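Just dropping this structure here.
Naming follows writing order (A, B, C and D), and every chain is counted from residue 1.
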Amino acid sequence: MTKFDSPKLAREVVVRDPVHGYIHLDTQVALEVVRSQEFQRMRRIKQLGPTAFVFPGATHTRFEHNLGVYELARRISNLFTDKYPSQSTGDGLWDPSENLLVQMAGLLHDIGHGPYSHTFEHLFGTNHEQIGQQIILDPSTEVNQALSKVDPDFPKAVASVIAKTYPNPQVVKLISSQADADRMDYLLRDAYFTGASYGEFDLSRILRVIRPYEKGVCFTANGMHAVEDYIVSRYQMYQQIYYHRVNRSMEVILHHLLKRAQYLYQEKELPVTPSLARFLAGTWDLQDYLKMDDGVMETNFSMWTESSDPVLVDLTKRYLFRRPLASAKINEESKQLLPQLKDLIKKAGFDPDYYTGVGSAFDEPYDAYKPSGKNANSQIEIMQEDGSLIELSQLSPLVKALNGTLQGDERFFFPVAMLKQADFQQYLKNGESLTKK
Amino acid sequence: MTKFDSPKLAREVVVRDPVHGYIHLDTQVALEVVRSQEFQRMRRIKQLGPTAFVFPGATHTRFEHNLGVYELARRISNLFTDKYPSQSTGDGLWDPSENLLVQMAGLLHDIGHGPYSHTFEHLFGTNHEQIGQQIILDPSTEVNQALSKVDPDFPKAVASVIAKTYPNPQVVKLISSQADADRMDYLLRDAYFTGASYGEFDLSRILRVIRPYEKGVCFTANGMHAVEDYIVSRYQMYQQIYYHRVNRSMEVILHHLLKRAQYLYQEKELPVTPSLARFLAGTWDLQDYLKMDDGVMETNFSMWTESSDPVLVDLTKRYLFRRPLASAKINEESKQLLPQLKDLIKKAGFDPDYYTGVGSAFDEPYDAYKPSGKNANSQIEIMQEDGSLIELSQLSPLVKALNGTLQGDERFFFPVAMLKQADFQQYLKNGESLTKK
Amino acid sequence: MTKFDSPKLAREVVVRDPVHGYIHLDTQVALEVVRSQEFQRMRRIKQLGPTAFVFPGATHTRFEHNLGVYELARRISNLFTDKYPSQSTGDGLWDPSENLLVQMAGLLHDIGHGPYSHTFEHLFGTNHEQIGQQIILDPSTEVNQALSKVDPDFPKAVASVIAKTYPNPQVVKLISSQADADRMDYLLRDAYFTGASYGEFDLSRILRVIRPYEKGVCFTANGMHAVEDYIVSRYQMYQQIYYHRVNRSMEVILHHLLKRAQYLYQEKELPVTPSLARFLAGTWDLQDYLKMDDGVMETNFSMWTESSDPVLVDLTKRYLFRRPLASAKINEESKQLLPQLKDLIKKAGFDPDYYTGVGSAFDEPYDAYKPSGKNANSQIEIMQEDGSLIELSQLSPLVKALNGTLQGDERFFFPVAMLKQADFQQYLKNGESLTKK
Amino acid sequence: MTKFDSPKLAREVVVRDPVHGYIHLDTQVALEVVRSQEFQRMRRIKQLGPTAFVFPGATHTRFEHNLGVYELARRISNLFTDKYPSQSTGDGLWDPSENLLVQMAGLLHDIGHGPYSHTFEHLFGTNHEQIGQQIILDPSTEVNQALSKVDPDFPKAVASVIAKTYPNPQVVKLISSQADADRMDYLLRDAYFTGASYGEFDLSRILRVIRPYEKGVCFTANGMHAVEDYIVSRYQMYQQIYYHRVNRSMEVILHHLLKRAQYLYQEKELPVTPSLARFLAGTWDLQDYLKMDDGVMETNFSMWTESSDPVLVDLTKRYLFRRPLASAKINEESKQLLPQLKDLIKKAGFDPDYYTGVGSAFDEPYDAYKPSGKNANSQIEIMQEDGSLIELSQLSPLVKALNGTLQGDERFFFPVAMLKQADFQQYLKNGESLTKK
């Protein structure tokens, strides 16, 4: 296998980061990738999309997150190089010649994301993973040009790590697994910017106990509780931040307003910026995609507030000025009441197609911890003193409790105005759950 | 004087804030102002503009800052109500019927800001203070409608506090003085989001020692060091964050690109969104202003990258993709070298009008601490046990050192490419200062 | 029932505290109790005893902890007074005339503790709860004198809250329950001083959602995750700090050295300070008890290093100079190997009575969370919007997993030197567990 | 010069530390020194002595501080080894073979301290620097035995670094200079444990900009503000923590009670533990010194509360139960009033020899920043890009303001009871300063 290297900078460039202290850009290629157009564009895409409507501090962007994942990959690979250098092929230790590769894969793992990823993808058929591969592999991008200076095969190698097809599982698992640099960074970062202290875990301890083994990365026995704490932090962040009902409600509105815009674009004229127009028309290319960011979307929304279509005007104002839908938990049984409720909503003057929605948090774009999944490799393993591995949930009662379960809820979203109608309200218990009268 | 009151909410609404823990919206009017279109719009205007190009965490917006100033005004006015309630007019203590007024003035003190305030104002002749007054006083705004429910005279009172014409100096000084809720919030908030720990000061201690007196607010003697620490934090934040050379360099580029756009708009067609067009044409109104935000500006920049004007294309790319100018410190003597340097820059193919600039940090839109200024009231006073006042710099050697001085520097900005030219480089000492060869 | 009140101080005294910011002593009685001899003495008794041998930062004392519990009781009772004031007897809300009582009970709940409480109690038959009652009720103490100034019946009332016999369960539960001011303070404080970040939980959020109900205190529905997080923090602190194997090993040594001293005291002369002598002789009184602190114990140990008894000398040096025993996990099955192991230890020259021990962490002096216990009242209840209560483990999968289980382990302690003996080592698996060869 | 080395441990031992995260004991000698009797003894000596009477969290000991200085010396020497390795003698860079030496000097720099160092030294003529040298050099100590395993000359080398006679100034300055590992640790540590946030400075940034030069250590130009911030933190800690009037008042009491005990010891019998007796008798040796700690002192005080001498009883109770003297600022002029005041105090029944004192904070055992002192080497130098050095106060207006000044005050201490006497009170202005009536 080709081994990749990039000259160390005579003087490393550091970036102040409130989560990790400093990001150290110490190779030529790291600096050039960060300075590329495609990477700089991520400054304009919020990491958590509409979550800032609920937690106003959450204005941080994918730019900082990608830097953070890079920094963790850098620290871990340097640490593996010091503590666990491979002596011979197949000894399950770390090959220092993988350092640059894992660092660049960390830096670029999310490069394909656009604004409001999941809603956007759903409506326009884009795929951030494919586009990410394209950005890395297409010779027209500055990212590709920077990587290619290392070696003509380097972009392909980086792309394969992100696509999880790279042969060395240690490299792949550092970027994508139940306890990877990606998740470590976003949990800490999202906790910092939302102000949610329960998302914090002891990174310095995790870094003390992480180690390579032949099938990936694992943790030494004295670090079991640190890893357990990390899993609990994940659970808390999902339940309290990522799955927050108001957050999800804003995504419902976003989806409906873009759906309405698609419809209007086909019907008649809609004021729209050129690149978004090509998405509505289905004729977009990579250059259009690279122009998409949160500001472009909101600028279009802002223009739509002067549209002649009252539904579009109302939905965009609800989005821009944060006027969420109300919601109630539903289950298989109470779902049967939805037709009745939609009737009431219709009678109140709201088109159910645009003013209601059903959203399951399990469908949310963040994968919960499932060590029992098909992919045996994705388990978190704790290495005993004798080198044997024990799967985490065998050791931790907390992780065992979460193991293989689905946490979250399914909700029905509807206009807040309905809460004032007595015939509607009788379906709600504790203002929270849909229930038979 | 009319005394203003708003019903307390049966259940207060809280907003999680990483700086203050929670923002407590406990009155009807606070909730309604926050939910207004004009207030929600501030979510799309970064507090520190281009500073995020240097400190990537600094993506926080004027929305959170205004909430933070409100929360501090709320805490301080509640605390004054408990500890220093006025017993009779003119006793120098606090009149609890001012609480609502000072809280709303805190919430709305920055409501007139648009994107990149200073550059924008300079080029388009807008004035965020006048516009702020208009937003509060114009019956068409949701802000005015919310305030008017308290009392028809309430908007005028709120506006007068922000304009510093309200008769009670205690209320005015809590919002605008050398140690007001505004600065306390932005120093702490900017420190948190940039990750600059030197901007932190001991807010809990400041809140313990702040108190009203007849001419405003002052601090008790046991709190001298806490106030001293706050002043030092201000100094550090200005020198290290607000006046950062790369930050200022990005503002130079921003200014030049907008100037070029103005020129091109008059000459020929420039792709531009409708509301920004009206600024370029000089025909804007309040509704246009309220549509301006960071995203709208950047969306226009993004469209301009496809312009046929190479200067505009280059400048917008430099801005969008963070390609700052280099810079060197100058003084009265070394300024005389600028014509020679500009000649070299011109020879290298850069139009000095668009690729150089002179920027003085003293001109920056943040006023430094000047207790010796004409306005005697703006001094920070320390109240002794016998009720007498001593001005802070009389007590603190550190504040005395800063008192009345100008800190900062003046810089000449130029293309990075010039650093590689030997005949240019000879003018630079330590890569930092312009100097005779 | 008599209602108790104490004059508010004209100027409250504050104490800087790294955990809560400031402790506010705002009543005459709080100030006098804190200044009493019996309270000041707690400055000389470490909160976590030998834990500082493992986590060197853990030098904090019972003095600060008692202040912290007082401060939390003060904040919660003030908050209940504001948000949930009782309108009529039996309405399940809070009677503000209980404030002073609950604050003093918080301040004094641990006043009976001596050095190394559990070991000391076990060997000398003292009981910190009885002694605490005595300190509060005996007219000779400064604590009693301070309390009696409020009302002659006040000491009795304070003592009854701590003894859990006071009739109002809200007052009792704030001081002693699964989620009381005591535990909230010690978890946060112990986490701060040990540096164990996993012990942190979101106190500001807990204080937002705590509320009174007729049978005690509970939490509102929107605070479920905050309470869940608190329970997980408890679990982590117990597993990682309080039950740390080295910590327990030092307690085994401490127990053995005091046992040896008791034996020697009866046999022949032992150099010993007067008050400790009376404990060894079994003739101690309250004044002797109040002279006991960590320093007195260690001063005696220091004198014993010159004893003529080699076992005592060795054990005291092991304690003073931190030379812990090694240990291995045992279970019912592996326990059967202990006689064989003790034989090996004896052969190696160590008296098993003084150089081995069996310690079960479940016996440790910190009670784990058992909501299913006999006392139904001790459950944590989450109040729904309609006022109904749901027990926490019904709502949280994490708490359900911990509910009613015993976490921890049982260990066999033995001299480190044994680890070098091959015939001994074969009984150990992964250096951790006792196992059949 | 002999170069010293110690085997790296196969598995480093880490100690959790709330200030630095982890202390890494990675060499055999570091582990053995930490485990020595003489080092473990520092667990029983508080870093800040009576300061815990004012800031109750300040119970941290010299043990943790010494570990912290070691850890900083370890990090800095490792960092110098990576970034600035010497290529040839005299090139002003860092010789990695000094690493072990500087680490051990950091670990042992305070090993000679006893309880209440300054008061103790003053009364008993001990000298912690001499005793520290003795502990390191005397073959009877476990510290010496551990060091000697590295090389028979190693103890002498370590002692010479601490005595500042070692030839390489880089090694000496890392341990003793205006910006050394010692001060960096104690400022951060004392801030953490007292809860004084103003003592914090940005260690991560200091570590980024520190570098060796031929005469010691200096800082790169981009780090000027970080160093400036550190100096300001020092100033704040001295003014607010170390020189706190109550802290100093407790030291006055301590001094007087020990003086009284000395007097009584000579006059008649005083109950006293054997080792302290030898200090009172002037016959102590190193073994006695090594038995002294805070607990031994307090145990003696506790015994003295039953003395037949009422002055001793009163003074020890004042100390043990924190009953400070009051105080007022004095200057050359107001000092002339002291005889009159002492007369009043005498009339009130207090012996001025034991109940008053004059204490100058400038005499306090913490040296303030004096870059203009005789020793030119002790200045803090900022290295410019061209390698030239500029002294810090030339660059920073804040440091310039503090440069060469004496901060602090002189105070007269007297019984609190005097504050109630009108004829005494008239001498006090604002309850703070002594002044003519």
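Operating definition for what follows: a residue touches a chain if its C-beta (ideal position, glycine included) is under 8 Å from a C-beta of that chain, and two chains touch if they have at least 3 such contacts.
Listed by chain with UniProt protein names: A, B, C, D = Phosphohydrolase (HD superfamily).
Every value quoted in this text rests on a predicted model; they were computed, and no experiment measured them.
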{"item": "Interface residue identity across copies chain C, chain D - same or different by half", "value": "same"}
{"item": "Of all other chains, the one whose Cα centre sits farthest from chain C", "value": "B"}
{"item": "Geometric centre distance via CA averages, chain D-chain C, whole Å", "value": "32"}
{"item": "Chain centre separation in whole Å, for chain D relative to chain A (CA means)", "value": "50"}
{"item": "Mean-CA-position distance for chain D and chain B (Å)", "value": "43"}
{"item": "Residues of chain C engaged with two or more neighbouring chains", "value": "21, 196"}
{"item": "For the chain D and chain B complex, residues of the former touching the latter", "value": "196-198, 200-202, 221, 225-226, 228-229, 232, 235-236, 239-240, 384-386, 397-398, 400-402, 405, 407, 429-432"}
{"item": "Complex contact set, residues of chain C against chain D", "value": "15-19, 21, 35-37, 40-41, 43-44, 46, 52-53, 55-57, 59-61, 63-64, 67, 192-196, 271, 273-275, 291, 293-299, 302-303, 317, 320-323"}
{"item": "List of chain C residues in touch with chain B within their complex", "value": "14, 21-22, 204, 208"}
